[in-house]
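Listed next: structures, encoded as C-alpha cells.
Next, two complexes with chain A in common: one pairs it with chain B, the other with chain C.
What follows is the complex of A and B.
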C-alpha cells in the first residue's frame, strides 16, 4: 500500500476541519446549551434549586422594566450613531476620492481612532470630557464666551451625546476606509458619462454609485450594527451604565445581572433573549440587504 | 479664454478640500494627542484648569511608576495571550479554511454556521463560560484565555483564509499532487507559501481582536493574567488622581497596535471589511 492510499481524500478534508469545529463547539455551542438548561432552573446567589422551573425566568423577562429600558438604550445609540457614521464616512470618502498631495498621510492619521482598543477610546474621552481638567469644556467655553461647566458623564441629558460622540469618533474612520475602497472601485466611465448627460450629483449617486458600492456598504453596516447592538467597552469606560441605570445597554445589564447580582438562571434567560433577537435581526437584515439570495 | 477661470476654480476646490481635511484630522487625532500628552505631563500640569495644551517638558515619571509597580507586566500578558492565540487560530483556521475552500466540506451551510459564530454577542456566552471555567479551574490561567481567544478568532480566520485560498489557482496544487506530493505536503509547500500575504494580514487582525478584548478578560482574569485593557479600568476609581496612570497605560497598550497597523496598511481594508473589499 502506498502512503497516499492510507490518506484517502475523503478523510483528509475532515481531519483538516475537525479541530476547529471541536473548539467552536466547546466554546460556542456548549455555553449555549448550558444556558438553555440553566434558564429553566432557579439558580441565584441564595438558592441553587436545580429542579425544572418551566418558563419562570422567561416570564420574568416580560415584567422586567430595567431589561426593556436597556434594550431601548441600545437601540437609541444604534439608530443615532450608525447613520451618522455612515453619512460622515461616506462624505469623507468622497473628500479623499480624488488624488491630492499628502492623501495617504491624511488617511493614515484619520484611521487612528479605529485601531485603538475601544476601552482606551472610552478612557480617552473620559479624560477629554472631564468637567474641570478636560479640553472639551474649555473649547466650549471659548466659543460660548463664558466658563462652561458641563458634567458630560454625569448629567442625564448629556451622557448620550457624550457616548454617541465617542462612538462616532472611533468608528466613522472604519466606515470611511471601507467606503473609500468601495468608491475607488466604481467604474469611472459610467459616472463621467452620467455627468456629461447632465445628471445631478445625487441622481448619479443614487442610480450608478450606490448600486455599485452597495454589497460592500451592506457588509459595513452589518458589522457596525452588530457591534453597536452589543456595545459594552466604551460605555463601561465612560459611565458604567450610569447615572443610575440611565445608559445601561443590553450587554451592560446582562453583565450586571450575572456578575453583580449573581442571578444565574435569569442571566441565562436574558442571554437567550439577546441571541434570539440578534438572530432575527441578522437574518432579516441579511435577506433585506440582498446579501444572500 | 475659459481655461483660466476653470483652473482657478480647480485651485479653490483643492484648497477647500485641504481645509476640510485638516479640520477632520484635527478632530480625529486630537483625542489621541491628548491621551499621549497626558502621559508625559506632571501632576501639576494634568490638574491645571484651564488645561495645559502642551507640556513644558517631556518626562517619563508616569511610565516609570508603571514599570516599578509591575503594572506594565499586564501589557506582557496581553502580548502573550494575543500572540499565542493568534498562532493557534491561524493553524487551525487555515486548515479548516482549506478544507472549506477546496473540498466544500459541509457545503455552504457549514461555512455560514461558522461565520454566524462571530455574530454571537460575547456577553451571552461569557456567563456560562465563566461557570464552566470555574468548574474546570481555568479562570485566571493563560491556558483558559488562550483557548477562548483561539476559539473566538476562528470564525474570522476561517472566513478570511477561505477567501485568500480561493484566489489561488487550483492548477498548482494539482500538478504538485501529480508530482507525488501528499495532501499535507501540498498544503504545506504549495498553498501556504502562495497565501503568505493573506496569512500575514489575517494574523495581524486576529491579534488586534484579541488585544482589544475587554469583556472576556474582565470576567475570566483575576491577578495572574490580567490584560492591559482590564488594568486601565482598575485606575478608574472615584478619584481622578490616577489620570497619569490611565494615560500611560493606554499609550503602552496602543503603541504595539500602531506599529503593526503601520506595517500592514496595505491589507487594512480587506481585513476590517471581512473580505468584502478585495485588495
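What follows is the complex of A and C.
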C-alpha cells in the first residue's frame, strides 16, 4: 500500500460536506444578498423598469409615515403583551410549583394554546370575537344583563385589547412552562432559609429566586420579544391590520407592500431596516441581560 | 421556663407515619441533640419545629407561645441547613445580614452584628467573597453566622457537619460547642452520628421509628440504656450482646461460663436473657481481680490497633465479642489469655421486649 492510501487526503472531509454547505448558502445567504441588491433597484410588479435606484428606496423609508406607524403599533403590542405574558406566566409557574393532584393534566391543558398554529388561533378568536355569533359578546351580555354588541375586530378602541388578549392567551403558557422549569431548579433549602430569616415573598424573589432563574428568564424574554416584533398571523387573522391601518404591524406592512402593492424593491428596503433594528436590539439585549460574559 | 415544648406531635406523609406522637420539653439554654438512624424522623421533627413542615396533629410551643400553625418567620428561630443553603448571589456579608435586613434592622446595627458574628467565627476576612469562592468549612461557618447573628429563641441545626471531611468535622464540632457555651442559647441539633451526639449534647433524644426511644444526658444513655437499641446505638465500638440464661447469682453463657452479677437484678433463674457488655469495660486480667469483676479465659482472634487503644476480637459464649484494651496489654492473635469483665456495668436485656432489666 502506498503512503497516500494510508493517509488519505486530509481535505477529503471538506469535499464531503461541501454540498450541504453549498445548499445552505444557496437557500440562506443568496436570498439575503439578492434582496439587498433588489433594495437598491427600482423593481415593482407594475413596470418593466428595473434600473439601479441607489439609495432612493432607503430615502423613502424616512418619509413613509405608514411605516413608522406600523413600527409604533408593533412596539405598542410588544411592550404591553410581553410584561403581561411574563408576569402571568411567572404567577402560574409559582402556582404549579407545589405538588398537587392532577398537576400534570392541568399543565398539559394549559400548554395547549402554544401548540396551536398562530393563524389557527387567530381565526378561532376571530370567530369567538364575532359581534353577532361569537361567544365572547354573548358571555359579556349575560354578565352585563343586556345585549352587548362590541365590535372587537372593528372598533378602534377594542382591536388592541382583542389582539393583546389573543397574543397573551397563546403565549403565556410558553413563559409558564419555561419559568416552571426554571423555578423547579431553585434550591429549595435556600428559599426555606430565607423564610426562616423572615424575608418577605418579594425580598426572597428579588435576591434569591430571580438571580437563579434569570438566565432562563432572559432567554424567554428575548425569544418572545423577537416573536412579538415579528407578530403577523394573529393580527392578520383577526383584523388584517385594520380598521384602516390601525393595527398594521411592521410584518403586516412589509407583507402588504410586497404582495398587495407589489413594491418589490421598497419591500426589500423595509426588510433590511427590520434586520438592522433587530440586530441592534438583540445585541444590546444580549449584553444588557448578561447572557454573554 | 422551657424554650421548646412539643406535645403529642404527629406527622404523616400520605400513608407514611414519620413522627408518632412525640412529647419533648427543652429548657432554656440547653443543647439538645436529636439522634437516630436514618429514617427515624429526626429531620422531620426538626423541620416541623421550624415550621417548614406542617404538623399533622399535636402542638409546638416556642418560648411559651403556641406556634403550631405559625409561619417559620414568625417562630423566632434560626436554622443551619445540611447543605448550608447560602444565597449564591449575595456575598458573605449580605448573606449574614439578609435576615437582619429582612427584619428591618437599622444599617449601623446590621453592620455591628455582622462584624461581631464574623469575628466569633473567624470569617471577618471573607465578608466580601461569594459562597462559590469559599471552602466547605468556610461555607459552614457562614451558614452558622447567618443563624447566630439573629436573636432567636431557638437555634436549629440540621446535620450541619455531615458534608464536611472528618478533620473539619472535629474542628467545627468544637466550634459549635464553644459557641453554645458563649451564647448560652437553646440549641436543637440533629445528627445521625452518635459521636457528635455524645460530645455536643447536654441532652440526647434518641429517636427510632418516629418515637423517642430514650432521652437523657449522654452519660445517662451510655451507662443506663433503657433498651437494647439504645445500648447498641451509642458507644464505639458497639456494645457486645451475648445470649445467656439467668441463674440464681448471675448469668450463664451458652458455653457454660458463669458470670456473677454483683447487684441483684429482677431475674428469674432459667430465664433467657441477653448480656450486654461494653468493650470499654473489658480489660486484660490484672494481678488481682477487682470486686464486681469476672475473670474469663479467652483466645484472641483478631487485633485492630487504633493508636493508644486496641480493639481485640475474641469468641465468648458462642458469639464473637470486642474488647477495647490498652495497646501495651495486647498479645498476638491466637494467644490464650484471660480477661476481666466489669460486671457492675453489665446490661441485662430481655430478648422478648428488648428492654433492659
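The rule is short, and it goes like this: the second predicted complex is superposed on the first by the 265 of 293 C-alpha atoms of A that agree within 3 Å, B and C clash if a C-alpha of one lies under 4 Å from a C-alpha of the other, contacts with A are read in each partner's own complex, and residues count from 1 in each chain.
Operating definition for what follows: a contact is a pair of C-beta atoms (placed from the backbone, for glycine too) under 8 Å apart; a residue touches a chain by one contact, two chains touch by 3 or more.
Keep in mind that this is a model prediction, so the values were computed, not measured.
By the touch criterion defined above, A:79 reaches neither chain B nor chain C.
Contacts of A:120 after superposition: chain B is touched, whereas chain C is not reached.
With both structures placed on the common chain, the touch criterion links A:212 to chain C but leaves chain B unconnected. Contacts of A:174 after superposition: chain B is touched, whereas chain C is not reached. By the touch criterion defined above, A:55 lies against neither chain B nor chain C after alignment on the C-alpha atoms of chain A. In the superposition on chain A, contact of A:140 is made with neither chain B nor chain C.
With both complexes placed on chain A, chain A has more residues touched by B than by the other of chain B and chain C.
In the superposition on chain A, A:196 makes contact with chain C only, while chain B stays out of contact range. Once the two complexes are overlaid on chain A, none of the chain A residues touched by chain B in the first is touched by chain C in the second.
Chain C makes touch with chain A in their complex at residues 50-52, 71-73, 75, 77-79, 81-83, 85-90, 94, 98-99, 102-103, 146, 150.
Interface of chain A with chain C (complex): residues 187, 189-190, 192-200, 203, 207-208, 211-212.
Touching chain B in their complex are the following residues of chain A: 3-4, 7, 9, 12-14, 16-17, 19-21, 23-24, 26-28, 30-32, 34-35, 38, 92, 95-96, 98, 100, 106, 108-120, 123-128, 130, 132-135, 138, 141, 169, 172-174, 177-178, 180-182, 185, 215-216, 219-220, 223, 226, 229-230, 232-233, 236-237, 250-251, 254-255, 258-259, 264, 267-268, 271-272, 274-275, 278, 282.
Interface of chain B with chain A (complex): residues 14, 17-18, 20-21, 24-25, 27-32, 34-35, 38, 46-51, 53, 92-93, 95-96, 98-100, 102-103, 105-106, 114, 116-117, 119-132, 147-148, 150-152, 154-155, 158, 182-184, 187, 208, 211-212, 214-215, 219, 229, 232-233, 236, 240, 243, 246-247, 250, 253-254, 257-258, 261-262, 265, 268-269, 272-274, 276-277, 279.
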